[in-house]
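Note that subunit A is present in both complexes that follow, paired respectively with subunit B and with subunit C.
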Partner chain A sequence: MTLTRRNVLQASAGAAALALTSNQARADEPIRIGFLTVKTGPLAAGGIQMEQGMLAYMKIKGNKLAGRDVQLIVADTGGSPQGTRTKAQELVERNKVHVLMGPVAAFEALAIGDYCEAQKMPTLGVAAAEDMTQRHSSIWFARATSSSGQCAHAIAHYAAKELGYKRMAVIGDDFAYGHEQNGAFLRVFEDNGGKVVQKLWPPLNAPDYGTYVSQVKTNIDAIFMSFAGSNGFRFAKAFNEYGLAGKIPILGGMTAMDEAILQQTGDDGLGIITASFYSPQYDNAANREFVATMQREYKIDPGYYASGPAVEAAILEAALLSVGGRIEDREALMKAVRANVVENTVRGPVRFDSHGEAIGNVYIRKMVKQGGRYINNVIKTYPDVSQFWTYPEAEFLANPVYSREYPPAKNLES
Partner chain B sequence: MNMRVIGGWLLVVLALAAVPVALPSAFYLGIATHALIFAIFALSLNILIGHAGMSSLGHAVYLGVPAYAVAWLTVQAGWQPVPTVIVALLMGTALSALFGILALRASGLGFLMITLALGQVMWGAAYRWVGLTGGDNGIRLPARPALLGFDLSSALSFYVLVSIVLLIALCSLWQFDRSAFGACLRGTRDQPRRMSMLGHNVWLIRWAAFITAGFWGSVAGVLYCFDYQFVSPQALSLPQSAEALLMVVLGGAGTLAGPVVGAIIITVIKTVVSSYVDRWYSLLGLTFIVVVSVMPRGLVPGIASWLRGKRA
Partner chain C sequence: MQFWIVQSLNSLAMGGLLFLLSAGFSLIFGLLRIPNLAHGGLFMLGAYLGATLLGGQMNFWLAALLSGVAVGLLGVVLEAVLLRRLAGNEQGQVLVTLGVSFIIADLCLMAFGGDPMPLGAPRSLRPPVFIGGFAFPGYRLVVLGCALAVAVLLWLLLERTRLGAMIRAGVDDREMARGVGIKVSRLFSAVFFLGAFLAGLGGVIGGPILSAYPGLDADMLPLALVVVILGGVGSLPGALVGSFIIGAIYNFGSALFPDFAYVVLFLPMVLVLVIKPTGLFGRVLR
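Here is the complex of A and B:
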């Protein structure tokens, strides 16, 4: 079925291209990509890596996508919904960008959702908020990275089935991203025979995790942490200072042990198992070159933040090729984004579901020291992971979005 | 009214009318609208800082709560725009009456800390009470409503509405300043003990000022919600309160034009300059330091006295 849809699409794109060959001047114009990121404030570390990832990828591509020059316009949202909205308006109305990428945080993405919809603005997102590709999905929005729960589902399955854990605690940043990851983990872990016996929610900017580490139950098999930014590193450090290292294994979500902070984490992070849609170890030509460029230009391994834009750019290029480089035909472009199967992105093959969320590999990685450097070594790959995991889509969407209270934790012990 | 006053008001009206002509694009008109909304907000805070001499770090409550009220009543309760706006304004004003009773038990640093604490309480509630506020994800307002048959969806029509509201705010605060009540309020700022000895109820005067500030803050809050069509806990956060304080102090506390000038400068740095300068936060800080060290009373009084000095 996908095949027919694609064929029809290519045919229609070809017809459209024929109709517009007279309009050559427009095709010579560069493609303007509006890039929403955060360069000031607490989210800046991730936001700057996102920009570096994009710059590195465009450098490899010789600043061209599908044969057209690319003009990248980077805007700093300041990490606030108001700022994001103003900057999105600036990019769309003043810079007349053809496509938006970003922003970093879920609340920023939600603040501009209606605006992008009203403007019919093709948006390739990286923020993980579940509902952007579920209960509030839009034909103008696609995400080639991962929803909050997508990677958490996989590691929950791994914990229950491969590691055989029965009793676990979950800890996460007390905001939507943490709630959604822990909710997703809890659902799959308990559906596979495990029990989540404790939930802990430190505030996003907790100065010290000591009080939370001391609350962690000692009669559990492992703890799952769904931290963002450098919080995972700080938690692992506190965990070890309290002498729990080696006694209780730690698992984590896709931002809990990001490659960008691995070298700082050092021995404190050894043995931590995390899940992500991306691994610098994934072996294809695109990724080898991307990792090498990131190491050469910025001296870091790409992780969650840096790889997102590289995947999105590859998706954009493939869609552009399907519509003959004509980014101006927004509707055909967004249809092509969803219809394409892109084999050679830096995260591996990617295709999309009907809600605009990627279906692709999820890597289970264990942090080890290799040749004097710390890396997340891939120990298992879950192929073709959907945001709905193995649940039927209709049933999944009929439930409320994952939150602090949903799914209800029936096995908590006080 | 003398000619200078009339001339001054004419100038304000002309300047407001000139903006859509000078900045025809919807984007720049949108930025001008943001600036004017924050000008109303800074004016409301100025009643406390400039006229009553009480610095507040919790003023974002009166921006955020009415904004949440508008979003919630429209989206969840399905109310019409007019009752929504009226109830949102009443809620913000009533809340300021309540918080005034709590905060005015102290003055000076104590007042500052109580307003800060109340602001954080409201921020925390918005963040945590996910069922009501959507928590971190906020509430989206699907579209700007039509108010009394006046369609607000275009940038120009919304700008006109905000300009009219700003003019009303400026006029009434100007009258407020010149009224007997304004004089009493300044009296409680400069000589509270003497005012009290003269038979004035200092607490009541301050409370009335607090509620007036809350009302105008709520007006800004309603417009804020219409403007961004999105409310999240950020609208109630401490940085939002501090930013308003910065606008007032930068422009000149106690003057009518000061908060407006401060709001325009900070909005322009945040939205326009930040597109060209990466370290715009530093630029904001630097601007503030320069203004405060060269013109300690703020830009508007500073420039006014500099002009007078030149003329003499």
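Here is the complex of A and C:
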């Protein structure tokens, strides 16, 4: 408690100091942000949007955070763990960055976890791997977006309580991100009276979803999909090809029906309900400006990938204000990140738990067509969602991390 | 019962798609001995070109044909400019074609962006057909039909035309073909055109099922390799039979042994390599 209060005081003191003595409090050199993203290869779609989101946000900010100039150094990891490691080392040791943002994918983030820890490198992540802010959290890492399960918990609750679904199937990419989302969904859905009766795991690079679509049970209330990249789009198309549209509703995780692929998905995606930590519809000044800038500069609505850096940048700015702009004081900076409550990020208010994971809104959205464009229309907002959902933190962390087999599915039907 | 019928139809449709993908690869490998690892890239390029043309409201079949021709011409250029200099240098060919596939992939990313692009099937072929009370996507049956039509046309070309006779002679014994006065270099251009054309055409015809997206090349290339190794290098019947076997293995394998979706796909390839390295229909190449 004292820590929180002190930091709030520091934040206001810092802001005041900046306002009063602009030159003194500012160091001469700019803040160097190392931005790890993917601009080539199959993960590039998300990676490029991440960069666009950051550039749009910095444009709005006049390329300054907390009064200090920002130098953004973008590195393309190529979407591989070793590439991420090389680029991270380059950013830290050659470019002498003050803080790292990114990378896109969990396996990239895991490849640099120990390095960032050893270098005491403040890292603001977006990749969703659960344990980075749970069983293997680090004071040098914070995530203002969402863990894999954080949004899946919320939509599982929505499916059981608001939609009244009793029997559901889950399908997801056969890798950690899909496993974690489906595990989280299963736990909350079954704890609220539902039954997961079927689990399907197509390989991440499945050439065709036809064979999986034709295995989906027809006597279920709905199916939950946790896909990444363009897989959600492809699954929805196959689903309709087989004439299942309108017969079995589809729910999805935070990347399953992203804003970036809505226009391409078209009518095939109408009615799909997904959960995300961000919505372009969220109404505050920061988000209105962010959405307008994204639409003007890049002709797209921001979604999961584009909004992440915009949230992280707001968190960074608030922490900078708390430490009087001294980004060089890494430990104080990361303490401030966790202690602050930032009210006006593009996703709404954000605070952090003691493991460095954001507590914030989760939006339930339904894809509709409005004025000739496809949008994810927010139909419910879960406020202050923790990565532990409503479970006690100690109990949550005593369990194994969500996986293909955990929590065990007791209601599968063959 | 319904399970077996639907998955059988899925297998056939997937087999058709795989044949469109791998026929060109097999042809080029058979005659030129070039393992064209850019084939997946050419397939993806075809899909992107098709998506672009279809976005301009072009007729689907015309778009497929045009994309095929464009990709085919690119194939001719690749062969003439890069691969001809590497005749006999298999390592060089592998590395160059792999490099070309990376270049194609990143050029596609630059030109078409990272978001997936849908290819709409002709409107009349879109609705599912009902077979005994359950729905099956009509377009997938069309893909099967296209594959069979391409197989017949290729067979006619190879077995009933002078060009085909020359190609077969080249596959069987390249030196002897040269010896009897066949202009092998021109033949190489023709075969590379045909192989790349089939890749581009397949990319568009497969597009409504697969879509065009970054990574499509890397997803499809291993499948082409599996089909061709299983069926036998350079053999058209081998590619056809191999495609349907792999289609069936993929569909039934992922339905019956879901935990081993990828193992069951590659296991037959390993077995064939151990037991009959030339593939089911392959012959020893000289």
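Note that the second predicted complex is superposed on the first by the 390 of 414 C-alpha atoms of A that agree within 3 Å, B and C clash if a C-alpha of one lies under 4 Å from a C-alpha of the other, contacts with A are read in each partner's own complex, and residues count from 1 in each chain.
The rule we apply is simple: a contact is a pair of C-beta atoms (placed from the backbone, for glycine too) under 8 Å apart; a residue touches a chain by one contact, two chains touch by 3 or more.
Because the structure is a prediction, the values reported are computed rather than measured.
Visitor: If we overlay the two complexes on their shared chain A, which of subunit B and subunit C does A:Cys151 touch? Say first, second, both or neither.
Guide: Neither partner.
Visitor: According to the stated criteria, A:Ile327 is in contact with first (subunit B), second (subunit C), both, or neither; which is it?
Guide: A:Ile327 sits against neither subunit B nor subunit C.
Visitor: Thinking of the overlay built on chain A, is A:Gly266 touched by subunit B (first), by subunit C (second), by both, or by neither?
Guide: The second partner, subunit C, only.
Visitor: Look at the residues of subunit A and decide whether subunit B or subunit C touches more of them.
Guide: C
Visitor: Go through the superposed model and pick first if A:Val337 touches only subunit B, second if only subunit C, both, or neither.
Guide: Neither subunit B nor subunit C is touched by A:Val337.
Visitor: Contacts for A:Thr211 in the overlay, against subunit B (first) and subunit C (second): which applies, first, second, both or neither?
Guide: Only subunit C; A:Thr211 stays clear of subunit B.
Visitor: Which of the two partners, first being subunit B and second being subunit C, lies in contact with A:Val311: first, second, both, or neither?
Guide: In the superposition, A:Val311 touches no partner, neither subunit B nor subunit C.
Visitor: In the superposed arrangement, which partner chain does A:Val170 touch: subunit B (first), subunit C (second), both, or neither?
Guide: Neither partner.
Visitor: Counting only touches as set out at the top, which of subunit B and subunit C does A:Thr40 meet: first, second, both, neither?
Guide: In the superposition, A:Thr40 contacts both subunit B and subunit C.
Visitor: Based on the A-chain superposition described above, do subunit B and subunit C contact any of the same residues on subunit A, and if so which?
Guide: Comparing the two interfaces on subunit A, one with subunit B and one with subunit C, the shared residues are 40-41.
Visitor: Per the contact definition, I'd like the list of subunit A residues that touch subunit B in the complex.
Guide: Going through subunit A, the ones touching subunit B are 39-41, 75-76, 78, 80-83, 85-87, 89-90, 93-94, 106-107, 110-111, 113-115, 129, 131, 175-176, 403-404.
Visitor: Of all residues in subunit A, which touch subunit C in the complex?
Guide: Answer in residue numbers: 40-42, 44-49, 174, 200-203, 205-208, 210-212, 214-215, 229-230, 233-234, 237-238, 241-244, 260-261, 264-266.
Visitor: Under the stated contact criterion, what part of subunit C meets subunit A in this complex?
Guide: Subunit C residues touching subunit A: 3, 6-7, 10, 13-14, 17, 105-106, 109, 113-118, 127-128, 135-137, 139-140, 209-211, 213-215, 218-220, 223, 250-251, 254-255, 258-259, 261-262.
Visitor: With touch defined as at the start, can you tell me which subunit B residues reach subunit A in the complex?
Guide: Going through subunit B, the ones touching subunit A are 25-28, 30-31, 34, 127, 130, 135-138, 140, 142, 228-230, 232, 234, 270-271, 274-275, 278-281.
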